[in-house]
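Labels A, B, C, D and E are assigned to the chains in the order they are written; within every chain, residues are numbered from 1.
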Amino acid sequence: MSGLQIPMEHVLALAGLLFSCGLMGLMLRRNIIFMLMSLEVMLNAVALAFVAAGAQWGQADGQIIFLLILSVAAAEVAVGLGLVLQIQRRFKTLDMDQARRLRG
Amino acid sequence: MSMAVLILMLLGGGLLAWQSERIHPDLPRWTALATVIVALVFLLVSLPPEQPTLPTDPRGTGDWLLHLKLAWMPRFGIALELALDGLSLLLLVLTLLLGLIAIASSWSEIDFKPGLFQANLLWTLAGVCGVFLAVDMFLFFLFWEVMLIPMYLLIAIWGHENKTYAATKFFIFTQASGLLMLLAIVVLAWQGLAASGRLSFSYFDLLGLTLDPRLGWWTMLGFFLAFTVKLPAFPFHTWLPDAHTQAPTAGSVLLAGILLKTGAYGLLRFCIPLFPEASLQFAPIAMGLGVAGVIYGAVLAFAQSDFKRLVAYSSVSHMGFVLLGLYAWNQLALQGAVMQMVAHGISTAALFMLAGALQQRLHTRDMGRMGGLWHQAPRMGACAMFFAVASLGLPGLGNFVAEFLVLLGLFAVQPWLAALAALGLITAAIYSLWMMQQTFQGSPDEQRKLADFDVREMLAMGTMVVALVWLGLYPQPVLDLAQPVIDSLQHLVPSDNAVVALAPGAAVNKP
Amino acid sequence: MAGVWLIPLLPLASALLLILSTGKMPRQLVALLGAGSVGLAAICVALLARDFLADGEVRQLTLWTWLAVGEFTPRIAFYIDGLTVVMMSVITGVGFLIHLYSIEFMWDDESICRYFAYMNLFVAAMLVLVMADNLLLLYLGWEGVGLCSYLLVGFWYRDPANGRAARKAFIVTRVGDTAMALGLFLLFTELGTLDIQPMLVAANSHWQVGDSLPILATALLLGGAVGKSAQLPLHTWLPDAMAGPTPVSALIHAATMVTAGVYLIARTFGLFLLAPPTQEAVAWIGLLTLLLAAFAALAQSDIKRILAYSTISQIGYMFLALGVGAYASGIFHLVTHAFFKALLFLAAGAVIHCLHHEHNIFRMGGLRTRLPVIFWSFLIGSAALAALPFTSGFYSKDAILLSAWEIPGIGPWLWAGGLLGAMLTGIYSFRLVFVVFFGSAHTEPDRQPGWKMATPLIVLCVLSLLGGLLVLPLSGVFPPAAHPAASHAVEYISIGTPLLGLLLAYLLFLGRQLSIDTLADGPLGRGLSDLWLKGWRIDQLYDAVWVRPYLGLSHWWRNEPVDRIYNALVSLCQWAHHRLCALQTGQLRWYATSMVFGLVLLVAIMLRNAT
Amino acid sequence: MMATLFYLAAFIALLATGLALTRTNAAHALIYLIVSLLAVAVLFFLMGAPFAAALEIVIYAGAIMVLFVFVIMMLNVGQEGIEREREWLSARNWVVPGVLAAILLLELLLALRAAPATTSGVAVTPKEVGLALFGPYVLAVEIASMLLLAGLVGAYHLGRRFIVRRERRR
Amino acid sequence: MTVMDFQALLPLLVLAAGATLLMLQIAWVRSPDLTGALAALILVLAALSCHFAVAAAPLQVTPLLLADRYALLFCTLFCLAGAVTALLSRDYVSQGDQPEEFFLLLVLATMGACVLACAVHVASLLLGLELLSVSLYTLIAYPNKSILPLEAAVKYLVLSGAASATALFGFALLYAATGTLGFSAIGQGLEETGMGQSVLLPAAVMIFTGLAFKLSVVPFHLWTPDVYDGAPAPVTGFLASVAKGAVFVVLLRLFLDANLFRYYRLVEVTGLLAIFSMVAGNLLALLQTNIKRMLAYSSIAHIGYLLIVLMVCTNSANQALAVEAAIFYLIAYTATTIAAFGLLTLISCDPSGRENIQLQQVSGLFWRQPVLACLMLVALLSLAGIPLTAGFIAKFYLVNAAVSGHHWILLFSLVLGSSIGIYYYLRVIHYMARRPGEHGTEHETISNRRGRILCGLLIACILLPGIAPQSLMQYLRAILH
């Protein structure tokens, strides 16, 4: 089985697009769950870029980094969602604009 | 070795004084007193009987009486290098004497944590002694900075109503300028590396470097700033009135008497010898600042209603003479500057002690609320009068010799500046006499009870009176001590004419 | 004579003792110490003078080298020649009499100890001034007497006005002193020494007559002299200095200190000879001062202020003498003036003492019979002051006027001015006598002067009368003056003018043949008398030109303009702090945004540079 | 044909992501996100990374997203939450993030312009990946295990308290 | 993997084994004291093991990790810092429920830092960074009585995640350009690649952004005060010293190995940000009344000082000195920061608001707790860079490095920043020195003998390199030559 020969700039542009979407979500959303989702989108974009680069060089390294990113994402999400639960309990909201006790 | 012992002695004495508070609240001051006396005796005893020939640099930087060099940070060519020459000795003796005065003046003033107070006092003295002894630039900087901390604490803890502001201002001014000096020191050392291939912070190694003129100029400026902030010269003086005013009496005595002298010492020992060419270029500006300081300080001193503030501004004025003397750069003016360091140290210390005594008794420094005190405290009045006229430069007292020599030396170089600076003599009279009028003359408030000086205070005052008269009538020992340093400074410029050349129109044709 | 150093030391030691006693000494001892030390010094001076008159030898004594910096090696050393001996005699002699007088005058004052301490200190400083071998030591004495003057003018410190007068005295003279100090700098820089005799020699070898440097140097020295001797334009302090005790006025502000300027110029006459313009300026300053002060004296009503203006005026004569090169005459007038002016002041002091500290002459009157000793003293003093024939003042003033006449060109003008001054002197001095001692009594004296007061008065009366016969040993000091060869007419006019003044005074104030009121009530008269009363309004002028601007400046600077810069820096930091802190909103979205913003910015920077 | 599929999948991924991030209902968003992840898995497959594609589906879309589902279900935000979300997504709030993201994208595209390469077209088989993973990258696996341990412990500690409290409330 | 490999990685192995051991121990018996002591023991052991690892160094263990003396020195430092943190936080966490896992996470975080210290590959960088961060998320949110830690943790998690993603995206671009993931290989690849700078520079900037965020360089600093403020004091100390130190170490390694200094524009940007950080950090701290926030801002400034090193490194002649300076600075800064936050831990004992330490709380500390106050004084002076402290020698090093490279603007920013900085350090000192009666309410402090001994030791660690730094200097030189 073989893969396609896709111009790298297209793949990377897609990754960049996804990455920007993630960043925009991060800046736009106040709900912490959406923020975490945006993070996932960003990580996913990074993963895409790595896999594409790996495919460009025909190396396994890209996929391995993807695997590592996957574990990172898993760990972060696990902790992040744990925090989300705590936030709901303490702040009674998921709106991060409400969490502004630390400032100045 | 004895120099290191001297510093350690003061440090240890401080610790001892601090801890002795646990035994009895009166013990710290006795401990401090004993420490300083022992240190003074030790210093005088440990002087070599005759002047040994010690390492002198190629340019012949004076004769060093003592020299000590221990390895410290060979990585950077930094050593624990101390050396003592006449100038250092002079200032050390002054330091320790004024240390005694400071302890005496704080004898009954401090009731809050007297142990820590005396400890800080002694540590400040130790730092100042280090400054006067260090000949490794890094070590010098270290002492320069470290002496600030106990001084800061003295002001910040035992100061008067506005102590936070004053202490912080004092610290930031000196620290910021000190950082510039650190920068300059490092630049200098790296220039030395480029020249000799060896990184060294030793004064002797750095003397006589030929620097790139522009870099040399900026480096010199770094030193100059640090020293003139400490001196203080116009326009870097504004920390001084606040610090002096808010400090406890002993703090003011130390500040005015000794700490200001470290600035002058730095200029004399480091700034000018290390950068003769740049200093020569800079001399007109420096002298301009000196004159500005003389007049500005005097005018502002007259404008004050706070006794200590007045004295503080008078210090600005007097230290302007030091700056003038140093940069006029001939034998007379340099000797005058050294004399001024000593004489001003004593006279101002005395005035601050007096101010402290008044504040302790009247709980005010506002001269508007004094007046006619002579009636109730003639001994105080007499002392005040003596030191007021000393500070206005009455002949026969040390300050006169100093100011006269400075102006005499300056006149040969810059007659017009000398004429301007001589205005300081008039303005000094104006504020000194106005101070006397507001405090001791005028009609007394009969209800007021005022205890006159007691034996302890009279003893301290008497010492200073005798010292000033001695300096005024027979200053030769002091001049002789400083002479080697001044000789070496003069060797730095091709000849006297080089300086004179700065001032076209000044003709020197000595017979 | 090796014991010369004892002469200044005696009063100095006494002063120190008195200071150290801090007022706890019994009065008798204070008086003994205070007056005795000066008396002893006077005896020493007398012995010295005897020796000197016997051999005429200049004596030099070096105690120690004051300081030695390179070529600058002033010594604590004394130089005693005829001029010095004369000055020392006056200082210790008149000084002793005044000290004696003071014992009684100050007996009731609680601070008598302080008084004598200051007085002795003054005598010591004045002696150092005149004995000094170099200008630096002279300057020491010079400033020392200034300090003592300050201390004594402000002796009664409770009254702020006295303090003000004292400060004024010190500061105004300090202005002159500073000029003098500059003169010393110039002299040292140019001639390489401040020792007077070598310096004069060096000056002669370095400079030609009319060079600019000696003119500058002498002008600066003249500044010092003008300040100390209360000449125009620095004379304003002297009338106010009368705030001190009257014996102080007698000693310091009449007999000795104020003549220091004269002494200085006489001492350094060699320099002035090299600078004819300055020399001429001295003469004109003297003339102008003597006239202005004489006019001002006419209008005063305070007994001491009249005497003060007259002192200014008389020193003007001395300056005139110096300016016309009649140094010996100037010094002669200095000596006679010391006698009669001390006498006048002491007599005035006695009047004040006996009249419950009354100063206004118009509240006195008719004292001729009530205080006869004082009256006679005053009369003799005034006669000498007015230079009535055969009094001491006559001889000295006459010599000056004749010398002035001799000067080619400006001489007659100076002479005429001096004559006008002499006439005015006659008017105001006898106005004083007539108003105070004749007419009807306004205040009754409550006591009579005791022997301690009377003795000095009597001795001074004798000196004032006979002082003109003294021959001062000045021949070795100054170049011999050409013998006055003026015509007799000139001499007669000189003799007659003071008599004319006396006559006018008689007509105006005693005989009332001329109505002073009609003179004074006219618009011109009123204006002039007001102007003169206020000393030509020079004080007001100085107030406007110097004092107020200085006060304004200090007030303006009071709050540290320099600190504003630093405060602005601090404010800038604080402002930046608040702005930056405003970014710390605590809002997570904003933090993310800022991060992206930073990223965008950095990438933009990179891309810009890459392309 | 395959290339078309690639661009189609890319389009779907982009669209789904965009939709996911603009939904007001978290559950809906999650579904869109899963769609996006699946589309990316297709891309992986097409680029010759079948192992990555499989993991993307199994772990990313399958495991990680399920965590989200759990949490959303536990929190049970409800209708007013959705209303609030809609309110927060007003146009005004879009401006700054939109502009910034657009600029960043523009910059990235500008930078990527000059990349001439293509993907190699050679598939990297799971075997190769496995060999690399347990060859040079063996330590990465070990450290990743530690990472997961940290995540696990953290999630346990943070989540546990929530669960304990809930149970207690019941 | 050979025995040598294992020896070279000994500290990591000790930490990994320790983490496992801790987990087992927690499962077996729950005892905060035991776990805390065990964790400290493990961390100390790991630090000691570095000594043995040095024998095998330098050794490249798989493409991922390089155990050289540089890395091992930092491993030692981080492990020791972790041990101190473990000891300091003992009291802090024992009041909450289930405090044992805290220590486990601490060990894991330390391990992450050590991985970063050894990392020479994108994979190890990624894992180290995330291991550190993920552990920290939980550590920050660990106390459960206050909501501030929670808020801090969420902020840190979201932003740090985004930053990691940004850095990774940059690495992905680099990978696409060069086809390798090892640092030095990337460097070589960059030299050869034709893709040129147009992609490289944004990629490098993204990497730098990601790491700069973790270092809280201006303008990526906004999170810092909030997180410092909200986190428990010992964790803040750990975060400020170890986490930052590790990131800086890897940043420096990346720049050195890949020789990014070739791209002067990039270095220039770091210089610019250094200036921003120095000035803005100090300005931000200027009037802070919350001590933890103040220290957070000051840490921004300190990172600014540290970034000077990157500029100096551009000239290869000065590289050794610059790196030496950086190492010394990191050591000094770590010791000082841990000590400062440790002291804050001891000072604040009020269980309800102990995350929030206001200036008012240290008012008069000199008279209430003289020893504690003196220690605090030394720590503050070290932060301010006053002589006789490690902080001063560190600053001196930096100045030397910068002077050797003639970076005058940076030097002046350093002076300017330090001058501003003195003010707020002094303010704390001033508050501590307030006399009784000058401050409002008395604040209780716990007298914790163990904590004080520990802080005393730390202060010795600050003073010793400040007074006699020669041996450390010698060692650093030996490492680098």
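Following the convention adopted for this analysis, a residue touches a chain if its C-beta (ideal position, glycine included) is under 8 Å from a C-beta of that chain, and two chains touch if they have at least 3 such contacts.
None of these values were measured; they are calculated from a predicted model.
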Any chain touching chain A and chain D at once appears in the list C, E
Greatest centre-to-centre gap (Cα means) from chain E is with chain C
Chain centres computed over CA atoms; the one at greatest distance from chain B is chain D
Comparing each chain's Cα average against the average over all protein Cα atoms, the nearest is chain B
Contact-count maximum falls on chain pair A-D
For the pair chain C and chain D, the C-alpha centroid-to-centroid distance in angstrom is 101
Note: chain D sits from chain B at a C-alpha centroid distance in Å of 70
Chain C to chain E, mean C-alpha position gap in Å, rounds to 77
Per the C-alpha means, the centres of chain B and chain E lie apart by a whole-Å value of 43
Residue numbers in chain B touching two or more further chains are none
Going by residue number, chain E touches two or more other chains at 123, 127, 130, 134, 137-138, 141, 154-155, 158, 162, 166, 173, 176, 198, 201-202, 225-226
Residues of chain C that touch two or more other chains sit at 581, 584, 586, 588, 592-593, 596-597, 599, 603, 607
Each pair of chains that touches is included here, namely A-C, A-D, A-E, B-C, B-E, C-D, C-E, D-E
Given the complex, residues on chain C that touch chain E span 573-574, 576-578, 580-581, 583-584, 586, 588, 590-592, 594-595, 597-599, 601-603, 605-607, 609-611
Within the complex, chain D is touched by chain C residues 593, 596-597, 599-600, 603-604, 607
Per the touch rule above, chain B residues touching chain C in the complex are 234-235, 237-238, 241, 296, 299-300, 302-304, 331-332, 335, 372, 374-375, 378-379, 382, 385, 389, 394-396, 400-401, 404-405, 407-408, 411-412, 415, 418-419, 422-423, 425-426, 429-430, 433-434, 437, 440-444, 473-476, 479, 508-511
The chain A residues in contact with chain C across the complex are 23, 26-30, 35, 96-97, 99-104
Listed in rising order, chain B residues that touch chain E in their complex are 71-76, 112-113, 138, 141-142, 145-146, 149, 152-153, 156-157, 164, 167-168, 171-172, 175-176, 179-180, 182-183, 186-187, 190
